[in-house]
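Okay, so chain A shows up in both of these, paired with chain B first and chain C after.
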Partner chain A sequence: MRQAYRIIPIYTADVSGVCSALYELGGMTVMHDPSGCNSTYNTHDEIRWYDQDSLIFISGLTDIDAIMGNDEKFLRDIEDVAEELKPKFIALASSPIPFMNGTDFPGLARALTAETGIPAFSVSTSGMHDYVYGAGLALSEIARHFTGAAEKRKRKLNLLGVTPLDFGPQPMVDAMKRRLEKYGWEILSTWAMGDTLEDLSHAGEAEVNLVVSSVGIPAANVLREKFGTPFLVGTPVEGYEGEISDALEKAAESPCEAFEDKKENSAEKSGAQISGEQEELWKVTPDQVIYLRKKDSPLSGFIPTPDITLIGEPVTMGSLAAVIEQKYRKKVQLLCSLEITEGLLRQEDEVIRGEEAMEEKLKTARIIVADPLYRPICPESATFYEMPHIAFSGRIYLKNLYNFRKTT
Partner chain B sequence: MLKRVGDREFPGKTEVFIKEASFPVPFQPGLEFNSPAHGNWNIVHTGMLVPEAHQIYVCADNCMRGVVLTAAEMNAADRFSFVIVEEKDLLGGNLEDVTIEGVTDVLNRLDKKPKAVLLFTVCLHHFLGSDLDRIYGELEKRFPEIFFMRCFMDPIMQKTGPTPDQKLRLAMYDAVQERKADPKCVTVLGSDFALDEGSDICRILKKNEILLREIPTCETWEDYQNLGEGSLILNCYPAGKFGAEKQAERLGRPFLYLPGSFDYEEIQEQEEKLLGMLEQQNNRKTGEIKGLDIEKEIRECEEALSYAHQIIGDTPIAVDYLFHPRPLGLTKLLLTHKFQVQSVFLDSISPEEKEVFFWLKENYPELKLISTIRPEMRVRTRQQSEKILAIGQKAAWFTGSRNFVNMVQGGGLWGFDGIRHTAQLMVEAFHEEKDPEDLIVRKGWGCESCI
Partner chain C sequence: MIRVAVYGKGGIGKSTTVSNVAAALAEKGMKVMQIGCDPKADSTILLRHGKKVPTVLDLYNEKRQDLKLADMVQIGYGGVVCVEAGGPTPGLGCAGRGIITALEKLKETGAYETYKPDIVLYDVLGDVVCGGFSMPMRKGYADKVFIITSGENMAIHAGANIAMAVENFRSRGYASLGGLILNRRNVPREEEKVRELAEDFHTQVVGTLSRSDLVLAAEEQGKTLLETYPESEMAGEYRTLAEQILNACREDGTC
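Let's turn to the complex of A and B:
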């Protein structure tokens, strides 16, 4: 049964994704939840919790308040804290029960803005999607609410979709930024690690945006609509930065058609239009995804048994697959269990839903590169390379994060 | 980006002098913060105490993530499975079928069938009105050889009824079968930790050649079943009382609630009760049940506390509720022995501590009570210029102290020995710095941790 899991965990969920994406931006994120979401998030999904403060709280929802629809308490509690702590914004995220009750979160956000004068928004989580969905929508709200019109600047870009869930601690992000800087790019802002809300507010000045994980797609689409900034999808993993830089240069030279078409409309209007259209938010075209651009290669096309199997997030692992194929001339297949995959997978990659299907698929794998917690469903005969992914195994392998280690 | 703020004060919101504090909740309820101190046990840790059992949770991704990784961090992923609830399951109204078929699928895929399954249903099952009898009935029919324990992960109900933790401590003893009562055996239910060998209860039982059975020392299903042999059932941990008392009733055994205490008189009364009950159970023809030499015990406690005070002196002390369910009792003991307890970290006061709360209010009105969950605690000052002895993980984090007693939920402390042991732990903590960033973030103090 697809929904039954014997031994492997699941990926970080949407509520934690929201918190992770907004962690460093000086806002206040409130999970409307009785208890569990808070400790789950800050124990397993948030490596910054111990020594980097962020205003992330739960509402402490009770059965009585849920049944009676006592939203007033929720609002009052938030207003009370906002008055004291003065966050730059208020973000609301829903857990399963308020979702099931049909709580009007956009309405509550509007009420909070009216009462406190602080920008407030909600992210339509239910606790039943994965982190990409939650984090992606959260960053799109930042793009919508906090970026302003700006003059484009040459060789400036924003990195979109950066959270510890996919990239680990800040030094890993810094290393990724340095790889691009070597090619003469200036990173205006990184969404959202290591920069402030003020830094992000200047994102419109970028000549081009680079979506480095699927989390960044909705923000990229909003910025494209608001400022006409073209975006590309690909992660500058080691050895791939040159190709990414080339692609960015070409993208920067091409004006964004969508923006040109809508130039007569105000940026504000364009941003607002996109907010309610979630499908549009996740849209990417094949020409935007760098690792989908096929080159003449004997490896192109479908091969029944790949040499190497990767498991993970489509953009980061898709980029890694591209590098491996180029460097080692090995055929790589990516298996992905996350929700957002449309337009992000190569022909030979596959969406796999559930533990049983993944176990079955891995039976013929020869070399596997994945989070160590996938190991129990991998065949003994396969060579397994550990590649810890916080969005899967949490903090368990934090100490040796991203150090490839052959275990069998 | 907010970095290492922790430098603000919020008098009135986060802390209150005990003279001004209300009972039982000294702070205004509202949004809640969760500190990085995670040594407390959760339902996964406690459930793992049942040997040869398997835990299966049926819930949404966000709730699942916390429990599945709890199991993984304690290297027990092979005893944990789950069924994911999706949005369509709520809208389609088939949560019962998803639960039954999912659990069936998990069990069919296990290499070896467990003796028992702790099946956790969640808030969603309640709100959708799922027929739990049907779920368990069907599973029991499909797997007659497995004992299904009816467990809940429904924190939304915990402020208006028993907590998931309390309900678990009831459900997990359902599998303990009625056995012939052995007058030479006593069973302790409800605790996560085995009593220390030197604890008063252990010494009393040993002195009278009575066997002690406890869940944390059970290694096999057979051991677990043998818990039913105890002629007397004890409970020493408040969260376990709800379940242990009901199970004693089911098993037809006398029950004695003996919560860990720091009060000489209360301990003496508890031990007298225990001795009286043991006498009844044993109905001894030869010789009486022998207790401890109370005067000697108290004298030794005084010596231990005096020695600790010589070492610790006037160093400020902070106590938290996570160290022991009786933080105010411990505070009273320390204050009356000249220790400089300045603050107690807690969010509510147990009814068991009502008397001591009012005693402290009158006698030490300047004692500070400090919340651990008020949102402002996220950015309240955490570093102190002077050395602080923290008793408990939360006190350590909130004061920024590296001199802390690293223990939770009272550990295996009990009785006069518990007081002496606490004094000893305080001295050790005073002398040796620890790394809170490594220690207090680990879940389930005392469990294996692979982080």
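Let's turn to the complex of A and C:
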């Protein structure tokens, strides 16, 4: 029973991540799926669904389609729709059934490009990873296929890894952007909220990239390889923008070694050919993660009983932890149940697998900041601050999103 | 109703043997149903004289909810009820899941109640390569599994794998091993090797078939040997084998 979830939900799946990341970019996202649970990624997880159009399609895969491998039907359906709607790209995403069947999505994407002339790519989802994985890979495909040669421009940056699943509605994102703009930074593009595919295509002009959630890491690595753009990891939550701006300035001054190494043989490489081993795509080094740079904090290191416990995504919550520690001199620990945490957690943070382990860990917590759906497994003695996380509770708490409210 | 599944290495002569056994049983007055469980869909080709039969999966793919039993069935030589499960185009889809679906569709459309066969012969693709190909031996389908093998090492090896699968599934109430059928290729120590395989799995060689050019000659005519050379010695061997299979099934009362 250690991995069973009886009370709290799990984070939304990779397929929702793909739909969310590509929602505003004018492409056509096709889920190869029986259409049993598409309300998950279209409505429960998608706060823009009723206000903003997006071309998200479900193939309506049936048992006999899967058995007979009716790939041609899948392709013809997409081609018919693409001819009518003229999307800027076609993104294919897999679900558990085609994953088990071993459907060749990269091959199908190549066939679609050849047939329609529209750039097509696939995201290797299976429905068994969490949203970070799907959204991250989807944005890396955009970086591969749609960014072109560019001259670097001073104090320009891209924000990578921005979806409503982590950041909520657009005003939250605008507020984050303004914090950096106050320090003289111009945000070239935000991947991918509030900007068009055209905006994103100029990403190579940035002198530095800022990964504001773990979703942005693969795109950052692709842009680093394509344009030599250095990147840092950290979210400009309120009170943290100054430190982030300082770090960005230093990073912008440093040449990117990986790019220099590859410059000689990169001439014949097109964006789509960039080597993309999964492990490399998610790689970050400790010097890239701003909130891991503990200069003189007396609070760093192992903490048996933290003052404050945060639960959530490593980059946004890691940055929040850094601000709280600096401002209030309280010991903060982050508990994370997401899949991708390598290189993103501080020494005192912990990866927690399963509801039972989380409940056990929270028994001694005094102050907890987490999505409201965590509350039933928190001890009554703890003070609970609601911090809705759409990737965890969907639209339920949208109205009071990020409205920190002391409830006990 | 006696229900039998026949497995064995690809190319060992399963379909030819099963079709001739089906014809021999039909001669005895039994109502026989032969179900080919192979995407190649050629198990019953000799019984239906090369005439095309749409496969269960092709029909389901085309008609979906309007699938009709009559479309899936063709009556072959001796009144044998012929069915081909079929499967996807090579390289696509999932053949194993296809076998499961095809057998389920036959059940759903009342194939066994409608045709009321005395014996059902499932002729299954070479090996138990995935869950789908174990479907014919699952509870509710075959009661006995027979493995056709020669003395060739690869055939023995495949036979051992199949026997192992049957043994592994014992606790699940699957079919039990009815025995081995030696289809001679006249390789050295042939009988000894097949007997050893039978001993390893605590079973017996229930029947033996000679290597005969007449079988090939009948195939050339697109028919079973029972139909083309009914008086031949080889036809006698098939008739004997049919009796031996029936006896093996009746012995422990499971069939």
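The criterion applied here is as follows: the second predicted complex is superposed on the first by the 397 of 408 C-alpha atoms of A that agree within 3 Å, B and C clash if a C-alpha of one lies under 4 Å from a C-alpha of the other, contacts with A are read in each partner's own complex, and residues count from 1 in each chain.
What we mean here is this: contacts are C-beta pairs under 8 Å (C-beta built on N, C-alpha and C of every residue); 3 or more make two chains touch, one makes a residue touch a chain.
Predicted model only: the values in this text are computed from it and were never measured.
**Student:** Under the stated touch criterion, which partner chain does A:G239 make contact with: chain B (first), chain C (second), both, or neither?
**Tutor:** Neither: A:G239 stays clear of chain B and chain C.
**Student:** Now for A:H129: first (chain B), second (chain C), both, or neither, which partner does it touch?
**Tutor:** First partner only, chain B.
**Student:** Chain A residues in contact: does chain B have more, or chain C?
**Tutor:** The partner making contact with more of chain A's residues is B.
**Student:** Please indicate which partner A:N70 is in contact with in the superposed arrangement: first for chain B, second for chain C, both, or neither.
**Tutor:** Second partner only.
**Student:** For A:G343, using the defined touch cut-off, is the partner it touches chain B, chain C, both, or neither? Pick first, second, both or neither.
**Tutor:** Neither partner.
**Student:** What is the contact status of A:P169 with respect to chain B (first) and chain C (second): first, second, both, or neither?
**Tutor:** neither
**Student:** Residue by residue on chain A, keep only those touching chain B in one complex and chain C in the other, then list them.
**Tutor:** In chain A, positions 62-64, 66, 100 sit in both the chain B and chain C interfaces.
**Student:** In the complex formed with chain A, which residues of chain B make contact?
**Tutor:** 1-6, 10, 13, 28-34, 36, 38, 42, 60-66, 68-69, 72-73, 77-78, 80-87, 90, 98, 101-103, 105-106, 109-110, 123-124, 126-128, 153, 155-160, 375-376, 378-379, 437, 441, 443, 450-451
**Student:** Across the complex, what residues on chain C touch chain A?
**Tutor:** 57, 60-61, 64, 87-89, 91-94, 97-98, 101
**Student:** For the complex, which residues does chain A have touching chain C?
**Tutor:** Against chain C, the touching part of chain A is residues 62-64, 66-71, 100-101.
**Student:** Given the complex with chain B, which residues does chain A contribute to the contact?
**Tutor:** 1, 3-16, 24-26, 30, 33-40, 42-45, 49-64, 66, 77-78, 80-81, 84-85, 95-97, 99-100, 126-130, 194-196, 356, 373, 376, 393-396, 398
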